[in-house]
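Chain lettering (A, B, C and D) follows the sequence in which the chains are written, and residue indices restart at 1 in each chain.
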Amino acid sequence: MEMGNFPILSVLTFFPLVGVAIIAFINRENVNVIRWTAFVISVIEFIISIPLYFAFKLGTPQFQFVEKLPWIKSWGAYYYMGIDGITLFLVLLTTFLTMLSILASWSINKRVKEYMISFLFLETTMIGVFCALDLLLFYLFWEVMLIPMFLLIGVWGGPRRVYAAIKFFLYTMVGSVLMLGAIIYLYWMHYKATGTLSFELMELLKLKLDPRVVPFLFLAFALAFAIKVPMWPFHTWLPDAHVEAPTAGSVILAGILLKMGTYGFMRFCMPFFPAAVQKFAILFLALAVIGIIYGALVALVQEDIKKLVAYSSVSHLGTCMLGLFALNLQSVSGGLLQMINHGISTGALFLLVGMIYDRRHTRLIKEYGGIAKVMPIYATFFMIAVFSSCGLPGLNGFVGEFLTLLGAFKTYPLFAVLGATATVLSAAYLLWMYKRVFFHEITNPENMKLKDLNLREFIIMVLIVIPMFWIGLYPKPFLERMQPSVEAFIKLAKGEKSVVYQMEGRKVNLASLISEKLER
Amino acid sequence: MVLASTKDIYLILPEIALLVTAAVVVIVDAYSRKRGSFLNILSSIGVIVAAYLNFKLYGDHGYAFGSIIYRDKLAYFANYVFLFCAFITCFYARDYLLRENRDYGEFYALVLFATLSMMFVASSASLLMFFLSLEVVSVCLYALAGFVRDRDLCVESALKYLLVGAFSAAFSVLGMAMVYYAAGSLDISAISRADITPFLAVGLVLFAVSIFFKLSAAPFHFWAPDVYQGAPAPVTGFMMTAAKAAIFFFVVRFFMMALGVKELWLSVLIFVSVVSMVIGNFSAIRQMDVKRLLAYSSIAHAGYAMVAIASGTKYGEVATVFYAVAYCLMNLGAFAVISVLAGKDERYVNLEDLQGVAVEHPVLAAALGVFLFSLAGMPGTIGFISKFYAFAAAFKAGLYGLVLFALINSAIAAYYYLKVVYYMFMREPKKSINVQVGVATGIAVLLLVAVVIQSGITPDYLFNFARMSLP
Amino acid sequence: MIPVSWIFALSVLVFATGALGVLIRKNAIVMFLCIELMLNGANIFFVGVSKMRGAAEGHIFVLFMMAIAAAEAAIGMAIITAFYRRKGGVEVDRADLMKW
Amino acid sequence: MLKLILAVILIPLAGAMINGLFCWKTKRKAHLIAVPAIAIPAVISLVLFWKVAHGQRFDGTFYWWISVGNFRIPIGFLLDELSAVMIVTVTFVATWIHIYSIGYMDHETDRGYAKYFCYLNFFVFFMLTLVLANNYLLMFVGWEGVGLCSYLLIGYWYEKASAANAGMKAFITNRVGDFGFMIALFLLYKHLGSLIYHDVFASAHELTLPLATLITLLLFMGATGKSAQIPLYVWLPDAMEGPTPVSSLIHAATMVTAGVYMVARSHVLYNLAPFSMEVVASIGAATAMFAASMALVNNDLKRVLAYSTVSQLGYMFVGVGVGAYAAGVFHLFTHAFFKGLMFLCAGSVMHALHGELDMQKMGGLYNKMKITAITFIIGALAISGVPPLAGFWSKDSILHHAFVSGHKIIWFVGTVTAAMTAFYMFRLIFLTFFGEPRDKHIYEIAHENPPVMTIPLMVLAFFSATVGLLALLPGGGFEGFLNRLFEAAHHGAEHAAHGGHEAGGAAVLILISVLVAFMGIGLAYAMYMKHTPDPKKLTERFRPIYTLLYNRYYVDELYFALFINPTVGISRHVLWKIVDVLIIDGIVNGVARLCSLVGNLIRKIHTGFIPDYAWAILVGIIIVCGLKIIF
């Protein structure tokens, strides 16, 4: 499929803003019109993103669909967008989950207009984060993203929403200001070395840094991303934010936002400072493993379903980090795939929890029991999601988890073995929860009259279950698209700077495109 | 010897335009109370004329009136900034004044007088000229602060401003006298050539007191929360922005360009910067009065700007100038919104009163949100660009520790901005706030929102403009 | 001829007296007068230095200063009057609405 | 051949999908889809078996599943003697159990009925994947997949708390074993670079002894989970909460033998690691006896059978552990028939008694349920090792191999266990089918079940009685057929083992094991028919032992006290409440609170009093001047 000069990434990034503009002019009383508009926009967005998958060139680690325009000329900052095998699926995941999340937001009745505006705005920033190849541009999207998420949690969240929203915002902010400092340092070092100002990823990757400073820079970046991942012990914002956020917010938070942390490690933190990666590998592997086990153990004893899923995220993301820091092809591919998997399976779990919450307005496990009898379809989907999350072979979770641990075992057997305990623990906490919620007799009379999924919810679940089986049974399309980029990442993170990315031959330039169109 | 050559007059044409306008305003106001409501248009036109003249003059360098006024691109650029602030203030203040039944021409006249004095502050080539114009600005602002003279808060803030301001000015005079003794002249060029003796240094420090004072930099900031809280919102907006910007421009001209920061000032600047950030940010955390909160925030911002000043490099100069501009835009906007939200007699300035505004006035709340996020330094707004560049400049100059401190501070600062957003967006409205948004205010706010966001996303125009204004 | 240091000493003395007045008095008018005293203390030094150098600059400066002080006094009195009207006194501890 | 194999695997999957997705359409007619979905593969399996018997093998790839760098895993299948035996066993037994289920599950709701058959087909799909895979990872897929189905089917009556718990327990316990399995796979990949059997076995000799030992032990850890060996056997007795046909198919005939299959499949690796072999054999023997001892006193019909299964699985591991892979698999094969049969019989009794399982309430049922009783007795005789029934041949072969390979103790344990087996089986028969009815009401309602249930019983009984005779086929019989596979890699490690029924010593061994079987039966007859010695008195006499046995050695309690409760307790009270909430979040919130506190202090310096402000300015000036002068 030939993309021509179509600036697909820009369109993807800014199309939701068109939706924002449209919704801004709809009367706030027309709630359904607003919902449908938002949904249609997100569907179109998803459809626009599909060609990425087909047009993506295999076998090259270079960035594709690249667009480069001068942005802040006096600072040497560019509007520089592009994706590679690492981000391709993250972008697709974003458009996909946003679509589902909006569809799952029908139960929002309060200030729907603002809600949908925030959501679409959030989508813009998320795609921007994944596509930006200029550090300043990245930082822009990275930080701006906090605002809509802050509002989503804070306005439409649960009882402790404000605490959670502010905690989320400030925690992330603390991390990112240090990263900003490191970015500034790199910026000046690059200027010193070459005499040109640039925030470009590829340019900055070429830098030779003072080995005494590298650890500090690495830690500054790492802190920002570790908070986002979240790695133990920077995880405590997560349960709060997840629990308090509205369903769709949790889905996006778990599905996309956490991935930005791991993505940041892959794209920036580790390639920039290979020396520090070596130095700190053990520390980060240890934290990852602690996160895996700790997250699982704490999840085991949660009383709130959503909190349980939140802690399970800590555990799962630990696996991703384990994969990244083990630095071999299998582990990193697995870690990357696990990022996608976690987005899907945990996203599905949050959606499901949201559905039951809409009905009963509680998420406490003890309030339930025997739901399987009254909501068989729901129970089935929940079970699929549970098994996807705990890595049952044949579903997506297994492929990622197994690859990660397999690869990690090659380089760090001990950590991999410890990480593998997650397979036992995840089964324990998920099935125990499942048992308490769905099995046994119905003791609470309120649960007797629960209605099974309606058509809308059914469609959501069917849509999200499809990729679970797809990745579980035929992960090849995913893995083969990732592989060259993963290989390049490993080389970079190991300090082989000879494989720095080159620019794609063809640049898509929005301005020239527009002028071209005008001339015709 | 002629008292003033044509060239002299020519170079200060913008000021003259303002002077004339102010005079006309006073006269019109005196003779026809009824037409008072159009005075904002009149003064806005005067400001535009001045801006036009400024535009025409842009690029004409040179001293005027001997060696007390120096016009260069920096001065013209500064003029634009003051004129913009004055324009916005005059333009929307009418809505406020009408609501408070204080639609007096003096207001506009005082704003215009203050503005023209600020223009002199930014282009003064002598400490004498600086001090005189600054005092004129101050006198105008004393009057403006107490403009609503039957409001207790206003009167109180005017008194505090007057007494503390005059007190600190006196130190400046003493300092100037010492400088005059040590350097033999008050001309900036002469001072920069003089040997730095301890006497001169102490003189300069004493002189700098009124600069720090006006910048509301700690520990000379104590008046700021009270005055900013008490003064009428448009006045606060004006004096928080234009008056401070004037000082920033002078600082760039005097301390950075003429004297050089490195040996002379670094320790003082770092101290003041750190203390300002700490006091400003921490005091704001528990603050419930939105005006006072922004006042504390402005103290912290003085600290951030000081980071840029401390760098002392060319980058630092650009950063300082740009910071001043950004700061003006954000705070003008914030106070324009507050002037509306506060309601009659500014009764609703407590966060508790503002809770849930977003439900009934989403656009207004969103606009304030934009300004607050900009103040917090969120990317996508001008606040980020200015802060980034300020820190980058200091970083380049090797002030790693200071930058780190400032970065952490700006993360802490995010809390209280978020707090305001939280009250506006995330609480249910307690009572219906009867808010009338005047057309002028609406236009001003939207304009400022547009500029803040536009300059946050594509800062090139504004940034280059600021950079070009420096040699 | 009196040495400059003496003039400086006198000027600082006057200045300090004024400053002390501001620091310890509560009456707004007295405080304001003390500030005038401080200004005049500084002015003494200006005049002295000017005299010593035989230049007119200092003298001119002092004249400007007095003009400014007059303007300030005018506006100051207006404010203090307004204050008196609202608070029934000119003691600065009556200004206690705004703190913290 | 690939097409046939795919047909075998995918037809059950298709059946499961149809019943799963359209359960509200298929309802009562679910079996019309489910039974053919197993029967057809059964026929195809026979065809495949036929081909293998004539020397054909298949090892091929369907498609590449995971492929990252040099880690390439196909969805690929291996059909050789071992897998051929397995698929025939699985599909054949499964077919009859499906048919039996039609009658057994007729009380279920419409949806439940369809769901049941869906799960059952699904299970067969995974079981076939497990045995047909040509690499460890795909085997692992089947391995976990059968675990999933086991979970679903044990928890089929999820409204019963015990069923829900048992399902969860089964899955999690299995996961513990799978943990070891996974690590073994990691090791294999790390050191051999592949997980495909062909490559692994071809390069297995490169493994050092410790490594081979470690890998095989970890694999065996997986096996202990799936095949319910010490220490992970605890889930199997509880698994009896599932419908009885499920216990029969999954927890007796097929799934639980997957561990044995896996060890047999990995014989190349085990041959490299003598120590692991010893461990396998020892654990097998220990489990055999241990489980049998618990079966002695249990009064629950199904649980006795469950312990018996655990015990018999122990035998199988003894077989593979002493290197007699063929014997182990042979026992697996015969066990599938007679244990499947006995479970179905137990189910038949249960069905007739509306779910009653307590043997103490039964008695004399022979009169009411002749077919069930007779078929059960056939099964019991088979398991007790009474010639010429199936169990005799396979069990004896294992004991024989154990003895001749020098594992005298293991042989002794196995023989004693054989006696115990005979005893508890006949104890069960006497208590259930003979003697006086102990509960009138239960006796009243008892009735023979419809043919749809009895015909499978009879078929399986027939095979239980006769499959052992396969050992007599020319060319070494059943074991000879399998040894075509095992011998190839054997290199004479266990040369004298196979076909050892001719030697004189062997005859003595046979005699001993037949004797102990009859001793066991006789003792059971004496105690439960003649009451000499009276079981009650014995119980009184050996009260502590009885209590220990009756309470299953308190192992479950021990596990709870040692692992589960501490884990949950520490997680809740230490990790969550203290580490997470108090310490980590406490620090986070503490920083925030500290900032707030400091903020409140700092803002108090703005007193609002003008002279104070003047003082501040003075202090500021002094500090600034000081700084200026010092620096």
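Operating definition for what follows: a residue touches a chain if its C-beta (ideal position, glycine included) is under 8 Å from a C-beta of that chain, and two chains touch if they have at least 3 such contacts.
Since we're looking at a predicted model, the values are computed, not measured.
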Exercise. Quick one: point me to the chain whose Cα centre is farthest from that of chain B.
Key: D
Quiz item: C-D or A-B: which has the larger count of contacting C-beta pairs?
Solution: A-B
Quiz item: Of the chains shown, whose Cα mean is nearest the mean of all protein Cα atoms?
Solution: A
Quiz item: Any idea how many Å lie between the Cα centroids of chain A and chain C?
Solution: 64
Quiz prompt | Between chain D and chain C, distance of the C-alpha-averaged centres to the nearest whole Å | solution = 97
Quiz item: Roughly how many whole angstrom separate the Cα centroids of chain A and chain B?
Solution: 42
Self-check item: Distance between chain centroids, defined by C-alpha means - chain B, chain D (Å)
Solution: 78
Quiz item: Which chain B residues reach two or more other chains?
Solution: 159-160, 163, 167, 171, 225-226, 283, 415
Quiz item: What residues in chain A touch two or more of the other chains?
Solution: 170
Exercise. List, in ascending order, every residue of chain D touching at least 2 other chains.
Key: 592, 603, 606, 608, 610, 614
Quiz prompt | Touch relationships between chains, expressed as pairs | solution = A-B, A-D, B-C, B-D, C-D
Quiz item: Which positions of chain B touch chain C when the two form their complex?
Solution: 128, 132, 135-136, 138-139, 142-143, 146, 149-150, 152-153, 155-160, 162-163, 166-167, 169-171, 173-174, 176-178, 180-181, 184-186, 225-226, 229-230, 283, 292
Self-check item: For the chain D and chain C complex, residues of the former touching the latter
Solution: 603-604, 606-611, 614-615, 618
Self-check item: Interface residues, chain D side, partner chain A - complex
Solution: 63-69, 71, 111, 137, 140-141, 143-145, 148, 151, 155, 158-159, 161, 163-165, 167-168, 171-172, 175-176, 178-179, 182-183, 185-187, 189-190, 567-568, 570-572, 575-576, 579-580, 584-585, 588, 592
Quiz item: Which bits of chain A are touching chain B when the two form their complex?
Solution: 71-75, 111, 114, 139-144, 146-147, 150-151, 154-155, 161-162, 165-166, 169-170, 173-174, 177-178, 180-181, 184-185, 187-188
Quiz prompt | chain D to chain B touching residues, read off their complex | solution = 592, 595-596, 598-600, 602-603, 605-606, 608, 610, 612-614, 616-617, 619-621, 623-625, 627-631
